[in-house]
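Before we start, here is the structure in question, set down as structure tokens.
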Amino acid sequence: MSSRAKTTPSHMTAAEFDRLFEKVCNWGRWGPDDQLGTLNYITRDHIRAAATLVRTGRSVSMAVPINTVAGPDNPRPAFHYMVQAYDTQNTHTEPQFALDYLACEFHGDCHTHIDALCHIAYRGKLYNGKPMTAVTSRGPLSMDITTYANGIVGRGVLLDIPRLRGVKWLEPGEAVTGEELEEAEKAQDVRLREGDVLLFRTGHHRRRLELGPWNVGYDGEGKAGLHSDAMLMLHERRVAAFLPDGDGETVPSNVEGVAYPVHALQICAMGMAACDSLQFEELVKVCEEEKRWEFMVVAAPLRMPGGTGSLFNPIAIF
Amino acid sequence: MSSRAKTTPSHMTAAEFDRLFEKVCNWGRWGPDDQLGTLNYITRDHIRAAATLVRTGRSVSMAVPINTVAGPDNPRPAFHYMVQAYDTQNTHTEPQFALDYLACEFHGDCHTHIDALCHIAYRGKLYNGKPMTAVTSRGPLSMDITTYANGIVGRGVLLDIPRLRGVKWLEPGEAVTGEELEEAEKAQDVRLREGDVLLFRTGHHRRRLELGPWNVGYDGEGKAGLHSDAMLMLHERRVAAFLPDGDGETVPSNVEGVAYPVHALQICAMGMAACDSLQFEELVKVCEEEKRWEFMVVAAPLRMPGGTGSLFNPIAIF
Amino acid sequence: MSSRAKTTPSHMTAAEFDRLFEKVCNWGRWGPDDQLGTLNYITRDHIRAAATLVRTGRSVSMAVPINTVAGPDNPRPAFHYMVQAYDTQNTHTEPQFALDYLACEFHGDCHTHIDALCHIAYRGKLYNGKPMTAVTSRGPLSMDITTYANGIVGRGVLLDIPRLRGVKWLEPGEAVTGEELEEAEKAQDVRLREGDVLLFRTGHHRRRLELGPWNVGYDGEGKAGLHSDAMLMLHERRVAAFLPDGDGETVPSNVEGVAYPVHALQICAMGMAACDSLQFEELVKVCEEEKRWEFMVVAAPLRMPGGTGSLFNPIAIF
Amino acid sequence: MSSRAKTTPSHMTAAEFDRLFEKVCNWGRWGPDDQLGTLNYITRDHIRAAATLVRTGRSVSMAVPINTVAGPDNPRPAFHYMVQAYDTQNTHTEPQFALDYLACEFHGDCHTHIDALCHIAYRGKLYNGKPMTAVTSRGPLSMDITTYANGIVGRGVLLDIPRLRGVKWLEPGEAVTGEELEEAEKAQDVRLREGDVLLFRTGHHRRRLELGPWNVGYDGEGKAGLHSDAMLMLHERRVAAFLPDGDGETVPSNVEGVAYPVHALQICAMGMAACDSLQFEELVKVCEEEKRWEFMVVAAPLRMPGGTGSLFNPIAIF
């Protein structure tokens, strides 16, 4: 059982953060024109190996249903309307069609989505050192979400921190260190390997289901997530993609003057496929039944030119 | 080589159509409350077997890029806007975020999407005999797209009709019969089996790439696709899902007084997961390289309550 | 000074409500095909007379700024995005254009809007006895907002209830009777006449500015507004249009089993041009300076076919 | 009758254009912080005088109905959906509400709208010399459409060029000079005065109604409108606002290397309230009946913070 001490984020200065940024930085690693980042870790062998994890033929969604109700964690609710329903007076032979419409500002704490590598700038730079002017008011000129068009396909490993701690969920503001991730590996008898897709569970969505939504921002209660230091472990293990419930990092930040340091490290420094706001409540039941925390993952963003990210519905296959 | 005669749809009366509807009707087959339709054909064994098709570790998108430009086949272009780009005057340590927004009426001939079982009513009924009043102006009360939340995972088989015919694409208005599908099977040395995901290529998107968009509707040139009769073959083979380029059926219809008869048969009668407007131009290259037209398919609609369908990005894995 | 007793809505049974509905009902008054309702009261003479009220040449907006921030009274915030900003690297001669986009579900408590006569059905009927099937899932077939295309032009009279009561605003749940409207007339030395546009102030927006937003619904604190009985007075005076701050009626309703009875009476029974969520905070200052509560009003909804209402910016001219 | 020679735009070099820009430039005229531009010309006296033009009590819309159908001049159609229609099974006493939703990228050739002063940058500057960095990807920091919140109220003068020329409409590419505007004044016996609202008719919408839409852009047939030189006349006359059918200027441009020179002159140099895509087909009938081309105009943009313009429905009152 991890000690409570780990849950209190240790402080980090801006200078320490910049040193950490350097340590995990992948700029140039895959060439000056690379737009794939850590997805480069996933080789064909990894995909082939991932498919061998499909043993019982079950598939599970890791998406939260699209939410059209405003709330403290959903200030930009999705808009969903019918374009047309049926004319119930008409039962003639001509088929009728029901149509609908969706509008969404999807980078929110309630919308399951993936971020593109152009989504974050730090000190004026994007991943791989590209200038932030590569993103214009009409959209990004490079590293948009279509670089992930063929999807993220690989071995998924779920690290379930509430399970490790023996709690239903982590409380807002609690942080998970790299050390605790390793404890979770041991407790679950799995090990993150190069090219893996890390699914990171804090129980965020479980808490939301049971207690209702809360303000997850800096002006509210915050949320549980990774400690900045944990990025060192993800970097060393060469994790390819990061899919958390919540948005993956503890809020408030433990770094002086840097809000969302984990996002900056993941996306800007490491070039990692970072996702937001998944839910693992259906997945954990299957994991417990299957007694395993590894499976095949297929996660395909919409093929949206100019997207700084995308709504998506990532699937785990057992 | 299939004869040209097959490309001219034979006429069908409304009464003949209704008999065909009866023949392929799956109402009640999986119980009165079923909302999964032909996806019931996909068993865990099928999913497990599909994963064994992953031999070279390649993944390929089958989605058309989201299209924001109005045109004769895109009268409802998607709207994509930046919510914010970067403040290029600011290069301080605080990370900056680029955000965007998507709005789409996605049931169009240019948007790669999947239809929910509530999408079509015929003679006042939805699949499984449900009344069309189950779809209200606020959305469907049952059989919305969330019934497919766990995705379509299975064995994909591509039947490439232009390859069979030795042409670049089928011309608008040409029809493909069940017999010709069987010819394609033989030519490609594959066979559709129970629970398969059928990918049906007419070369629609290839034609669009080379000649530009055209009016695909009844008031225009129409499009190539399945002949209504072909649904008998799909029914007998117990195909689970249908993913065409174009929207899968020939326009104009060969059925008197019934526009879009294939859609009515697939969705309303058979309860089939029917999709629209995929593209296989990247896929066919991989198929030719791999010398096989079967692979694993993972296709996950957005988890959108009330959706009569969804944008999606279906993935083939070799 | 009106007594506190008036502020507590007296109870009304559903049967009493139906009798009130009959009393104020204008169905057939302007013929079976009428779609203008009480705007018929505004004759050319009224418009001409209204223009003579323009004596000092001042114009004042009565709209609340469009609100893109979700809150307890704004669960469907407007979405406003830039389509493009400027390319600041480019200072050549070619003019550049900044463009934007607005999306809004405008019938909300935070969006200044006007209702079309098709906006409300009571017991299955719309204004003038039209069946509610005249509104389909694709939009209304009659009495949409384009019937008001030429705008509401007339004599505006502001009745300022907080001024009468000597308070800054009315509290949520307080009700204003027809008798109190008459008291306000006397206190302000104006009188509502046939064809007038009634601007009705409860101080709703003043309260919002000073105390912040609150939940205005039945599950919240409610709002101040007219008592159902007041519609008798409006009916007898032949008021042409009703423009309140808030949405004009007290919540919760004082009628058993009828939420929003004032809306039903105004729109469905009377065929009145009813508006929502204006603000008079700039107007009252001008009124006090001018020492008059009558002026010209010009209020033009967007010319939106199928609109059940419209965003608008009504203008008072002194 | 104006000679055909006038309809062929004379050529202008970029240097000549810059001299013209200087001649009509109002930067600093109303102080360094001015955001109202030529609306400053409208004094209270002008508004009072405008109201005296209301003699017969008729009001007329000058807006084109909002257009949801894509076409060669409407590549970004408006999206209008019902949020809910009525439940026709329910005829109980509880009132029902029909609700809708509008989404629009309104700066198009088919959407009647007004431009804000921040809408155009020329050589890196906005009106009054403000830097174009005042418009960010999140919206303008100054001179947005809310500066016009109190509406444009004044004397409208319609100059009807097809009437002058004895044609139904001007053909695309034809240009109208200041001299021809003066001819129209004489023919109609009106004279533009300081603070007037100029309504400028080319018959654009009449042509569209009769011949259908056409491509109005540089890559199409273009449109009829003002010659750049005409801005001198508007400047000298101190016109306050400009409301054309079409978008007011001839396309293609007669200025070398400057597309949309009239827009640049009006908005950036002069600070004029410039509008787009009105229609005067209802108005001209009333003008002919009334035998006058002057009237009161009230035009109120939506009060939209950050708007670079707004949909609106301008009203003429006789």
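To keep things simple, chains are lettered A, B, C and D as they appear, and every chain counts its residues starting from 1.
The rule we apply is simple: contacts are C-beta pairs under 8 Å (C-beta built on N, C-alpha and C of every residue); 3 or more make two chains touch, one makes a residue touch a chain.
This structure is a prediction, so every number in the text was calculated from the model and none was measured.
Chemist: When you check each chain against chain C and chain D, which touch both of them?
Modeler: Touching chain C as well as chain D, we find A, B.
Chemist: Out of A-B and B-D, which chain pair has the most contact pairs?
Modeler: A-B
Chemist: Which pair in A-B, B-C or A-C has the same interface as C-D, with over half of the contact pairs matching by residue number?
Modeler: More than half of the contact pairs of C-D reappear in A-B.
Chemist: Need the CA-centroid distance for the pair chain A / chain D, whole Å please.
Modeler: 47
Chemist: Approximately how many whole Å separate the CA-defined centres of chain A and chain B?
Modeler: Using C-alpha averages as centres, the distance is 29 Å.
Chemist: For chain B and chain D, what's the span in angstrom between their mean Cα positions?
Modeler: Once rounded, the distance between the two centres reads 45 Å.
Chemist: Can you pull out the residues of chain C that are in contact with at least two other chains?
Modeler: 79, 82-83, 85-86, 88, 101, 103, 105, 133, 136-138
Chemist: Note which residues of chain D are touching chain B in the complex, please.
Modeler: Counting only chain D, the residues touching chain B are 69-70, 74-77, 79, 82-87, 89, 103, 105, 133, 136-138.
Chemist: Where on chain D is chain A touching in the complex?
Modeler: 79, 81-83, 85, 88, 101, 103, 136-137
Chemist: For chain B, which residues count as touching chain A in their complex?
Modeler: Contact set of chain B toward chain A: 14, 17-18, 43-48, 50-52, 54-61, 63-66, 79-80, 82-83, 85-86, 88, 90-107, 112, 118-124, 132-133, 135-140, 146, 149-151, 153, 257-261, 263-264, 268, 296, 298, 300-309, 311-315, 317.
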